[in-house]
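In the two complexes that follow, chain A is the common piece, with chain B as its partner first and chain C second.
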Partner chain A sequence: MNNTNIILILVVLTNLKLLGSSRLGASIRVVAMQGVVLGLLPVLAHTNELSLRYAVLAAGTIALKGIVFPWFLFRAVREAEVTREVEPYVGYVTSLLAGVLILAVSFWMCERLPMPETLASSWLAPVAFFSIFAGLFLIVSRKRAVNQVLGFLVLENGVYTFGVGLAPHTSLLVEAGVLLDVFVAVFVMGITIFHINREFDHIETNRLSTLKD
Partner chain B sequence: MNPESFIPLLLALLLSPLLPGIINRTKALFAGRRGPPLLQIYFDLGKLLRKGAVYSRTTTWIFRAGPMLELAAALAAAMLVPLGNFAALIAFPADFLLFAGLLGLMRFFTVLAALDTGSSFEGMGASREVFFSALAEPALLVALATLARQAGSFSLSTMLGQVSGGHWLHLGPVLALVMIALMIVLLAENERIPVDDPNTHLELTMIHEVMVLDHGGPDFAFIVYGAALKLWLLTALVVGMVVPATGASWLDLALVMGGMFAVAVIVGVVESVMARLRLVMVPQLLVGAGALAAAAFLLGLK
Partner chain C sequence: MILVLVFLPLLAGLAAFALRSPAVRRGLLIGTALVHATLTAICWKTTPGAALGGWLALDAAGLLFLSIISGLFLVASFYAAGYLGQQANKHTTDMEEGMLFDNAPEAVFIGCLLLFLATMTLVTVSQHFGLLWVAIEATTLASAPLIYFHRHHRSLEATWKYLLVCSVGIALALLASFFLGVAATPPNGEGFPLVLTELVAKAQQLQTPWLKAACLLFFVGYGTKMGLAPLHTWLPDAHSEAPSVISALLSGAVLNCAFLGLVRVQQVCVAAGLGAFGRDVWVLLGLVSLVVGAVFIIGQTDYKRLLAYSSVENMGIIALGVGLGSAGAFGAMLHAVNHALAKAMLFLLSGNILARYQTKNIAQVRGLLRAAPVTGVLWVTGFLAITGTPPFGLFLSKFTILKAAIDSGRTWIGVMFLVSLGVIFVGMTTAFFGMAQGVPDKSAAGPANRDRWWQIAPPAVLGLLVLWLGLAIPGPLNNVLRQIAATLGDAP
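Our next item is the complex of A and B:
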């Protein structure tokens, strides 16, 4: 049992917590925690070649996902003056059960897919897919725009997990590019949330779709 | 049949009322009280057994049979649970299903006796009990299935006996998830905080306590003793999986007994520092426990 597996289990647990959590603030904090934990992943997964490259990647990830994004989202929530409930389409208990189902599907799928030999842990690919699907599920099952941003972040965390597992094959530039993309995306989403809220006095996407004129 | 197999059963019969005593003592210490003596449950049982029972005219034979059948189910379950290196009196493949079934049977008779009184409060408690246990049971079964897979055996005796330090070294996080799930099931099944408060006597919030309000005398003694046995058995499950087997029978037994009392202290601490969850939050907690167990099961497959 190495450190990578402990991190991957933490990722699974934070995803399940997100699916079952009813509080907006708690959800943001959980995503921040997931970001910090994942930031440590490149350093711990490739201990045999501790290089500047992984250290930079870890530092950048932790700074962005653990500090900048949560601060930004908390600010968006405060300025949009939304209540602290999550307001899901799909209830928390059903979401949790769906999460378990997604986890099972991810494990089943990764049995079938051809995987490169160099993955740091046999759990890495299933957990990465679990994050991706859980993120998608969070995006479609929650009403608030803030929650959809969180779902997007979880999805990206899944992509990142897989990328780190393959780190010897991919270049740092790709990772940095993805991080930058996410940063811009969250930035734009934060501004959009603020503007949607100012125009319509709420950020509930189901009410936006019934809008006329 | 090995005479040593009687040791887990005898210890369960003799020492199970001690666990609630330890829990109450821990809670008292936390609250700055001296608390009831450790043997209080034994005194209570003695007092109740010397009393006569009073039966309402609305009740039928079901109400009178309920406590006896409950205790019988608990005793049968006690024969299935091993302690340390000593195998249980009865052990066969897939006996963990029988164990879960007997716990379910016990609850079924409690619920039936509660409904037989015709009181609306007892009906409410029965409804909640059944709802929550329906959610707790999958968590228990999946957790035990994970253990069965890791130990490569479907019998409780070998399953709990074989979890060793090596398992914890290789699959520590997986076993930890199973342990947390089992601990939540333990708290829920034994009507402990954060699911139910054993001290509350406000009818609207009670779950287990409200169902046994109409029982008295020896019947209530059976119920209290049955509940203590159930607490003992589930604690034995948690401890059996946490305490690694050293190989020396008596040392193992001592370790396991220490673990049992430690879990009782932990339950007492949980009850002292936590508040009861709102009733609507309880299903979330129990499904969460089930999700943890399922995640452990899946992670253990790889």
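Our next item is the complex of A and C:
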């Protein structure tokens, strides 16, 4: 088993852990770990052409996803003095079962797509899709704003996995731009969470329900 | 030249965060807008050279949307400067629930506004799909703090929905960009870069299944940002809670940025021989948006939300136009220009009405024509323009699209289009004329709050432009519209 597959297995495990976890602190740490592991992916997936470009990308990803985001989100959570998701829309056991189902569907789906031959591992695409769907599931099934941001990060990690593995032509400029956008997105979302917390004394988004038709 | 267009507002925006004097900041805002608009006007005379190895270039579609954005921003910057002068960082009482709230610091507002212009400019000049994605996501991030200008819980809710819904949608568009990258890698050969001209030139080599998947994901991703139903959920909230000048820019400029992204995708699809596949999706989303717009406009009680749903409807019309081939695409592009002008005009006027009546409820606004004759007349003019009454520009563009629908042999599309427009016309007539006529309250009609010049001149200018486009389409604009339409229809 090569290094890429070990990383991909870790990604699957972190996603499942996230789906079944109620503690916010643990969830943030799990997402941070996923970020670090994925940061190593471009270096390990392209071992035959180890270049400065992949090293820079890996360093940037690890620094942001592994250190800056968790620090920022921990601050938001500490300000809000909450450590638990109280009542998600979908329970944890159900979420976990849904996760397993999504994983199966992802693998089934990728069997049917014509994959390019340059693939580092045949698991890359299914795991990427699993992360994307799991992220979407987290966003719609959790109430806490922080959890929704974590869902967004998992979703973005999935897209990133796909990009690193399958589309070797994206250049450093685009990758840096994507990373910058994600950074600013989490930054702006973090500030918004801080304001939600101050305004409502909680960070549950189900109370954000004044605006409707 | 292109780099100047992007970096000028970027640097000005960063400077605005640091400047201390409000007068200088507002001067910087208007000055940057003026220079930006002048440079854009020069681009019509001489096409600027490509930059960054062809990644940044200004083609016909880019030029059209850059002009919309730059022009709207110039007009809006005058309104914004006057508005900020009035709102200068004091406690304000919320008009709906009576609580006190602060406004965001003016430096942040003007800084973000200028960064917003920089990101939108980048969208129009990006030829590379990866860079295009980066730019479109950046418009979301730069505009989110603008929606949260009034710091109370409703605008916070709107900002959160805007951020999350658009970011998730646009993340899917990133996946679509990667799909496109896979499509551009032939099974046994070197792939080619995701630059529009390259993709169009080598479109026959693209792998069809991946291109189709990319196309659908682009529709979900950029369609969310463009406000196409059923992906429009953020739109009414953000438009109703943002300051009116921001609503005007969101509706007139941001939605068009996302539309431009989808136009680029359609250009690639057409070149690859998948034009018909893309057009079916355009027609479907267009019709759904029209119907959803019509349903929510009928009986709407909030006039800013009414305008927001009208944006959903008009984006639907534009999408429908693109879906009808070359002739329809010409109408769609014209409609994008007209809608941007008319909707920005109406949103700026809604700001005047909101300031005077202190309510967004349609039923509580009465006698606008008597209380504020100029705003009232412009409001009715704007209504006539947006519903497509002749001689305004929207009549011409809607008529072009209708004709394209009937000429294509699919009469049912034309019928659905007309029925929706009829329903929307009735819904909007009830709301607008109820607001314009009648006897105003004493508080609203007092001489103390007469309209300032900055409240009147910007919407009046926009109104005149819509009228002009209805009477005659200037030659250069006609050329550009034809060039864009030619890239969106199959070669005969």
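Note that in this section the second predicted complex is superposed on the first by the 203 of 213 C-alpha atoms of A that agree within 3 Å, B and C clash if a C-alpha of one lies under 4 Å from a C-alpha of the other, contacts with A are read in each partner's own complex, and residues count from 1 in each chain.
Please note the rule applied: contacts are C-beta pairs under 8 Å (C-beta built on N, C-alpha and C of every residue); 3 or more make two chains touch, one makes a residue touch a chain.
Note that this is a predicted model, so its numbers are computed, not measured.
In the superposition on chain A, A:W123 makes contact with chain B only, while chain C stays out of contact range. In the superposed model, A:F162 lies in contact with chain C only, and not with chain B. Among chain B and chain C, the chain that touches a larger number of residues in chain A is C.
Of the two partner chains placed around the shared chain by superposition, chain C is the only one that A:F200 touches, whereas chain B remains out of contact.
In the superposition on chain A, A:N5 contacts chain B only, with no contact to chain C. Of the two partner chains placed by the overlay, only chain C lies in contact with A:V178; chain B stays clear of it. Once both structures are placed on chain A, no chain A residue is touched by chain B and, in the other complex, by chain C. Of all the residues in chain A, the ones that touch chain B in their complex are 1, 5-6, 9, 12-13, 16, 20, 92-93, 96-97, 99-100, 103-104, 107, 122-123, 126. By the touch criterion given at the top, residues 113-114, 116-118, 132, 136, 139, 145, 148, 152, 155-156, 158-159, 162-163, 166-171, 173-174, 177-178, 180-181, 184-185, 188-189, 192, 195-196, 199-200, 205, 208-211, 213 of chain A touch chain C in their complex.
Within the complex formed with chain A, the residues of chain C that make contact are 55, 128, 130-131, 133-134, 137-138, 140-141, 144-145, 148, 151-154, 156-161, 163-164, 167-168, 171-172, 174-175, 178, 181-182, 184-185, 187-188, 191-194, 207, 209-210, 213, 236-237, 240-241, 296, 300, 305. Within the complex formed with chain A, the chain B residues making contact are 169-174, 177, 283-284, 287-288, 290-292, 294-295, 298-299, 301-302.
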